[in-house]
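Each chain carries a letter (A, B, C and D) given by its place in the written order, and its residues are counted from 1.
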Amino acid sequence: MTAITRAEALARVEAGIAKAEEIGVDMNIAIVDDGGHLVQFSRQDNAWLGSIDIALKKAKTAVLFRMPTSVIGEISQPGGPVYGIEHSNAGLVTFGGGLPITDEEGNVIGAVGVSGGDVVQDTTVAEAVVRAAVPARA
Amino acid sequence: MTAITRAEALARVEAGIAKAEEIGVDMNIAIVDDGGHLVQFSRQDNAWLGSIDIALKKAKTAVLFRMPTSVIGEISQPGGPVYGIEHSNAGLVTFGGGLPITDEEGNVIGAVGVSGGDVVQDTTVAEAVVRAAVPARA
Amino acid sequence: MTAITRAEALARVEAGIAKAEEIGVDMNIAIVDDGGHLVQFSRQDNAWLGSIDIALKKAKTAVLFRMPTSVIGEISQPGGPVYGIEHSNAGLVTFGGGLPITDEEGNVIGAVGVSGGDVVQDTTVAEAVVRAAVPARA
Amino acid sequence: MTAITRAEALARVEAGIAKAEEIGVDMNIAIVDDGGHLVQFSRQDNAWLGSIDIALKKAKTAVLFRMPTSVIGEISQPGGPVYGIEHSNAGLVTFGGGLPITDEEGNVIGAVGVSGGDVVQDTTVAEAVVRAAVPARA
């Protein structure tokens, strides 16, 4: 499987920062690899401190289940099929702002987690990270 | 009390894997003893990484209360009698996929936890583990 | 990078169990992948319960630093260069019994952790796991 | 007090990466602010996964006590005045590679933690981060 590189992760985070500046919200942006291990992180100057951990956990959550955090949020509501799943894996974050990152063949090679705005803003920045132009992979 | 052996746990996990292959979902399967301690575990090649901990916690949850995890899920919903119970015992998982394992006399000798599909699929595999033919007990 | 499969991990654990039976010590044996995530685990019938977590942490430790746990133990003694490293990563185990597993090209694709005997016995079993014949990799 | 900015933290991490490439060791580099909260992080492609947490904890340790982690390591040896201090603050790392970052007036405005090589290499990179040219502060 293709591995996410530092060069790619750095390019993705900077693309996310550019989008955050465009929409005028200070964000925390984290990129993890396919095993959920941190590769790159950046916090803008006035971003909420409480959003650091949320960004990290959104990225972890998205890669551990290879799906957007928002999907897990929908199915883990009270009465839903996986209610309480957020207590597993030393804590998940199950609202929007975490997205898997895939290679050209569709394999999940990592994930991004964004936190600092509302869920729509976080998701907008996460999508910019996913769509970012990245250096060619080996 | 009858103790669950490695031989029995291995046979049960492999029976669960066979069922998982039959239904075409990659699973994590864990067997714990009557004290909640891990005996046997196996992860299929494309199973979600986030489901490892869930399988382990489902098995723990099922044996700690000697009932299916789905039952605990029902009574721990908002407004329910044990709302929030998942915060105890260093984290429980309270949706379907964890089942107690009993001996011929009905004593709980362990439990299985399965995670990797939806709750119906997880439960199907857990039931196959519970019903598996096992080596004769001493 | 080559990924460790369930088939390989199962074959390795069973080879370790065979060695444990040969030397007459009840063991816990854990295999993790290159990201430190559990793939396969087995506990023999009279193995110490306290050794479950030690086996898991030895495997984690060996893969996180791509070296035998015994090496980390040597350099983390009082006065040593990385004294106290065991407090990182939610707890490491830094005595012998954890070994990396490599593919044909020398890439670390996972690790084994063994606990249940003394350190010499644990290491003997871990070495059997590393040397085990495994199914052909894809 | 001067606050460490994202622009400064990014410039510092990249300076550290350049030094790591110069000495040929793959590193994890973390920058925290004066409250110990993460600002910037980067992991090189073949850095040990176990060093992510160590880099983060070295940065935290250096800022929490406003001194190099190596100094804390010296005084926390068995028999030393603060033996066991690494158990506080949800885990410290007390060997070299963590350094405070100060402003022109000598105020500690953050810290860097580096992990991936031996302690001498980690410290070399941390010193490059501390000495890095940074954007003018507001």
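The rule is simple: a residue touches a chain if its C-beta (ideal position, glycine included) is under 8 Å from a C-beta of that chain, and two chains touch if they have at least 3 such contacts.
Predicted model, so just to flag it, every value in this text is computed and none were measured.
J.: Could you tell me the distance, in whole angstrom, between the mean C-alpha positions of subunit B and subunit D?
T.: Chain centres of subunit B and subunit D, defined by C-alpha means, are spaced 43 Å apart.
J.: Cα centroid separation between subunit A and subunit D, in whole Å?
T.: Inter-chain centre distance comes to 25 Å.
J.: Report, in whole Å, the distance between the mean C-alpha point of subunit A and the mean C-alpha point of subunit B.
T.: Once rounded, the distance between the two centres reads 30 Å.
J.: At which residue positions does subunit D touch at least two other chains?
T.: In subunit D, residues 49 touch at least two other chains, as defined above.
J.: When you draw the chains as points and link the ones that touch, which shape shows up: line, ring, star, complete, or other?
T.: other
J.: If we use the touch criterion from the header, which chain pairs count as touching?
T.: Per the contact definition above, the touching pairs are A-B, A-C, A-D, B-C, C-D.
J.: Once bound in the complex, which stretches of subunit D touch subunit C?
T.: Interface residues on subunit D, with respect to subunit C: 48-51, 53-54, 57, 73, 76-78, 86-87, 91-95, 118-119.
J.: Inside the complex, what are the residues of subunit D that reach subunit A?
T.: Going through subunit D, the ones touching subunit A are 3, 5-6, 9-10, 17, 35, 37-45, 49, 52.
J.: Please name which positions on subunit C make contact with subunit A in the complex.
T.: 1, 3, 33-37, 90
J.: Could you pull out which subunit A residues touch subunit B in their complex?
T.: 35-36, 61, 63-66, 78-79, 81-85, 87-90, 92
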